[in-house]
Amino acid sequence: MATARPAVMPETRRATKLVEQYRAVRAHTESLAAPLSPEDQTIQSMPDVSPTKWHRAHTTWFFETFLLQPHCAGYHQFHPQFGYLFNSYYETVGARHPRPQRGLLSRPSVEEIAAYRRHVDTAMAAWLDAGDLPSALHDLVVLGLHHEQQHQELLLMDIKHVLSCNPLDPAYDRAPVELAPVIPQRWIEHDGGLLEIGHAGDEFAFDNEQPRHAVYVHPFSIASRPVTNGEWLAFIADDGYRRPELWLSDAWATVQAEGWDAPLYWEAGQMFTLAGMQPIDEHAPVCHVSYYEADAYARWAGARLPTEGEWEVAALDGVGAVWEWTGSAYLPYPGFRPAAGAVGEYNGKFMVNQHVLRGSSRATPPGHARPTYRNFFPPAARWAFSGVRIAQ
Amino acid sequence: MATARPAVMPETRRATKLVEQYRAVRAHTESLAAPLSPEDQTIQSMPDVSPTKWHRAHTTWFFETFLLQPHCAGYHQFHPQFGYLFNSYYETVGARHPRPQRGLLSRPSVEEIAAYRRHVDTAMAAWLDAGDLPSALHDLVVLGLHHEQQHQELLLMDIKHVLSCNPLDPAYDRAPVELAPVIPQRWIEHDGGLLEIGHAGDEFAFDNEQPRHAVYVHPFSIASRPVTNGEWLAFIADDGYRRPELWLSDAWATVQAEGWDAPLYWEAGQMFTLAGMQPIDEHAPVCHVSYYEADAYARWAGARLPTEGEWEVAALDGVGAVWEWTGSAYLPYPGFRPAAGAVGEYNGKFMVNQHVLRGSSRATPPGHARPTYRNFFPPAARWAFSGVRIAQ
Amino acid sequence: MATARPAVMPETRRATKLVEQYRAVRAHTESLAAPLSPEDQTIQSMPDVSPTKWHRAHTTWFFETFLLQPHCAGYHQFHPQFGYLFNSYYETVGARHPRPQRGLLSRPSVEEIAAYRRHVDTAMAAWLDAGDLPSALHDLVVLGLHHEQQHQELLLMDIKHVLSCNPLDPAYDRAPVELAPVIPQRWIEHDGGLLEIGHAGDEFAFDNEQPRHAVYVHPFSIASRPVTNGEWLAFIADDGYRRPELWLSDAWATVQAEGWDAPLYWEAGQMFTLAGMQPIDEHAPVCHVSYYEADAYARWAGARLPTEGEWEVAALDGVGAVWEWTGSAYLPYPGFRPAAGAVGEYNGKFMVNQHVLRGSSRATPPGHARPTYRNFFPPAARWAFSGVRIAQ
Amino acid sequence: MATARPAVMPETRRATKLVEQYRAVRAHTESLAAPLSPEDQTIQSMPDVSPTKWHRAHTTWFFETFLLQPHCAGYHQFHPQFGYLFNSYYETVGARHPRPQRGLLSRPSVEEIAAYRRHVDTAMAAWLDAGDLPSALHDLVVLGLHHEQQHQELLLMDIKHVLSCNPLDPAYDRAPVELAPVIPQRWIEHDGGLLEIGHAGDEFAFDNEQPRHAVYVHPFSIASRPVTNGEWLAFIADDGYRRPELWLSDAWATVQAEGWDAPLYWEAGQMFTLAGMQPIDEHAPVCHVSYYEADAYARWAGARLPTEGEWEVAALDGVGAVWEWTGSAYLPYPGFRPAAGAVGEYNGKFMVNQHVLRGSSRATPPGHARPTYRNFFPPAARWAFSGVRIAQ
């Protein structure tokens, strides 16, 4: 019996801790949406962007669909059509509203979505408080929280894009982010060798970070910090955006088709930020550049982008300001197995036509990032908080 | 002095009456927007559609731009960028926000637009109360009111389309329109001859209704009422949407590209209305059909669409339920002269690639329609309240 | 006998004459194709354009499909799939190869198409020589010949476009067309009144020119000749292509989207012609302008385009150099009835979204044009030999 | 002197051998074009496809531009505009004709291009015969020959696509390829380890195959032969093209957008081949599948695609029938350096958005393939002779 108690206690403690984590993560989402009006929360400015209120509802749908409905006896579904409206891309759980039409929904209103969140939060808290959660369900709740944290950053990426489309240049909030002074760049040398990358152990990680596996890394050097706006201005001044020899073929076609001549959100010597239009800070890391631009910059600088293996085995300074493009395509690790069930669609099915970014950004929720974390975007995407670190 | 008084009095009466008209028209717009949430008022569901709040602001911009700013001493502009945001298509008065991006604007908020309306209404009322308005300005105010009435119908057309895109099938208001019982169709014979059409006299009319002019009309018959949903169901049942010989070439290409098999808003035996999904009333006039469909139906019925001349010279029954497509292209009348100044862009520059509709619909504000009124839309447009009357 | 003979003789004479006409028209097509290589005859430079060899085959298909196969006993079809390949747009006679893919066909070769023409010509000549053709079939042969004449001009329009896409600026033939010296423009006054337009009588005309009918024409003036290149240069010099107030709304959108700043084929002070690049002759009529440009030019000149009724009732000088845009939409005449059978698709189904052109061009085969002839193209089309005559 | 002679002799021998290789490779291109008419050689059926005559000219342009013009004194350029017309994608050597417009060129004719080839071949033969070619130029000639061999396969890929667009199903040649009987599939086991891949040594290889470098390979099994048509039929029968869980997200979107339900060129139980329509041979390797389909098939089979490292270190059977998709994105090898000069654009600038294929196909010229050869295509491409080999 005495032995039984320790076995139960951690279970209880774990459940207690989980409900607290749940409340904290869910509250953080609401605090991010708080400065935004109903009109702000409704707009979808391009197919890649989702409305704020959709993020608030979709993260809620995750808990309702994967936990409450199948596993919480007596749970009462909030609305029969929300499963259709707020499924993002899970083919396995049924039909869904087309992504490019998320901005066509004035209803449910922002207030109804707040009510949906409260409804699900009440049910989740009661269910988590009841304790004795089997390990698989516990893990699914944790996955739901990490999922919501991802959407917290997406919410900021997306609302920044929405507000940037408005000629009035409205601010999300008025306090510009204060950035640490930038250190001079130096080269961090690494001997390489047969090393291991990827996640192992009991802590949470997404399926795409696993399994931990051997990789042979050639000796390399990597910059001690990301490229700054000042350095990017030198690239522009040296006709970086006008010299085809610096660009991959698809990249050059994109530069010409889109008329790129600076990072996204740069305009007339200023840059649009969540605090509205601001001067370009030459000491801050450059942000909102695509893989295409990152690659061209590196070539211009006589360098290249690091592979994700190099990035992971190096002890890096200056991480956390911007996501850092790597030269690695987003592909499965040797021995990769998608998570079982519908959540297996979470990461695996995007493993083509994307490049890996490592690190995290100022918009990443605290505690969400890991050295093994694999973020990914298509090579032309610029609305993520994405920057560049060079290697050679 | 006695002579002066009568000269002054009508002027005063006219001004008094005008300010009352102004208040009435402006209040009607607000009453149409009243059932709509901030989210509802923000969405643009296709490039042809404008958000409700844009309609509210644009009609206000008309008075501010063409009357208060040039003619009302001491008027204080509400916001320096609203001229850019709420110009619809007047090239002469400067740059404007692109039409397809009207749905990207969360700011100004619905509440700010309400304040804009109050600001302009206060200034307009004071200015109109001051009396002694020269005739040209009086006419411009009247034009602004008719302009706002047009937007009242557009507001309803547009919000119907917005709400129809929502899988929740939300209603604008809950009371379905009651329609008068439909009379059996009979043919109204007309001898034709050398007749006159177009507007003459002192009452208001748009420039495109003028000048009144002679036109030779061949003898014809015209139906005593518009085509009904029941008749349209017979057209569908007879494979009307699947027989190319019934359709113009461009029309058939559109039917195939768009997959048309029924009027817009018909779905699974029901139709989406401003009161939500409703059964299809076989006795009601068919609505939301394009010129292409109207023309094909007429051919199927062994008839044709009337010309606008025929329509105007016939004494017609059953007008007012739906706009009625005519076979006439929207072109200038002989001797047409656009109104002077920027408002000359109002009608004249659209005189290509459109067909004329005559009459009015249930959504047309009372008092807005006239027998000489020329409404117009491109031949593939279906979101207007447009129906069909046949001739032979 | 004596009475029978006159009744037979004209029939015989008519048949004799018809076979001669047939041979002449068919030979003219071949002479137009003669300067073109197999490669030249294969290319489709835009969806509106058809390859030369397609024109040669399609005009042959007309005779095979509408005459030989149904009416000539013992006729042996040349190739079972040519019906599919060379049907242009006749829904009634079965499926067809998609128009935008006409340039994907290397087979049948140019030589096989020549053989196809010979095969059909032999059969047609024998059949026509046999005499005693019923009137309806005689008329269908005549229609086929006028159809082929239309394609003779299309062949020239199309090969001009094909060759213009080649950076080598190849010439179709080396002899530039000599143009008559241009007379000074004067205004021809016309009193208007209740007049008749349209075709009547026994001579050939297309169904769309009929019936002859009354139309009321207001007094007007019309220019004595088309607008010249020199006058068009003045329009350009006066910023004609940069002033939105001169353009219809759809026209201005097209000017901006397409970057128009001169007629089609003008390039760096020269113009591409069937004789290769040539200097712009200021005295020649402007050619290859769209309805949009014609309308804008007329507005700039303080004039307007004539209606097709005005055009037809005026005795006109200077006709025959370029097709002349009218302000009239291409719509059915009062009492219009399409020809019976599949050839009823010839004209009627295009009566929307087009404007009427009158007259003829240097590329129109001799004898093909008539004062009642209604040519038509969409308002943005520029590859026809289309010019402008103004009215007021 | 005696020592000098051996030093010279190999040089001469090498030159002699080179001119023979030159003649052989050039003659092979002509033999591939021989069955094609001028019309066949002119058509471009999609932007990825080039006309046969363009391939013949472009490969000639390579020798003229990179060798004769800069290095052969007294060489007389064949045509001043061919540099513009037949540059494929080399930004460094000047402007070029847009790729999607290669099918708009009827001139130069097929015969002129034959003359161009003869002109360059005569000059090249004389220049090569003169001997004493410096090593860098010798290597450039060799590169030009390998380049031409690549275009020999492209020519076949492209003409197959061109002919497949013709409803007449024309054959390139009448003799279907005889395929060796397919052996039963077995699994080849490999222990993996720290191995080397990539090219080293003096033999020719493209820059993208270099440098040879270490890579850690996990133990794996790889199929002893490619997947057959019979196996693919089982995939189809098991609803392989209708089950989203088998497909990557981008792949599934493509399947739906393109309506894929079988490999390219399969139609109604047959397949289009260079010998025309043929029955589907269940024992032949499946061909004309995209990376998306290869990946989905592998998942359905409970396997995966091999990495290019695995492919290269395995001793493989059954290579040479079809190119084999690997799971590896086409990226630079560690230490990759593009070739110097304009030819550095040959491979390096395509290193994004593509996947590597290994092996060779029946259409690859004899002697062109190597175990280290890296072919690459975008993941949706299907017109290459591409098949699938699975691994696990």
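Every chain is named by a letter (A, B, C and D) in the order it is written, and numbering of its residues begins at 1.
In the analysis below, contacts are C-beta pairs under 8 Å (C-beta built on N, C-alpha and C of every residue); 3 or more make two chains touch, one makes a residue touch a chain.
Note that the structure is a prediction, hence the values are computed from the model and not measured.
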item: Steps in the shortest chain-to-chain touch route ending at chain C and beginning at chain A; value: 2
item: CA centroid of chain C to CA centroid of chain D, Å; value: 46
item: Rounded Å distance, chain B centre to chain C centre (Cα mean); value: 38
item: Between chain D and chain B, distance of the C-alpha-averaged centres to the nearest whole Å; value: 60
item: Multi-partner residues of chain C (each touching 2 or more other chains); value: none
item: Arrangement of touching chains [line / ring / star / complete / other]; value: ring
item: For the chain A and chain B complex, residues of the former touching the latter; value: 37-43, 45, 53, 81, 84-85, 97, 101, 103-110, 162-163, 165-168, 170
item: Residue numbers on chain C that touch chain B, as the complex places them; value: 89, 91-92, 194, 213-216, 218, 244-245, 247-252, 291-292, 295, 304, 327-329, 331-332, 334-335, 345, 349-353, 379
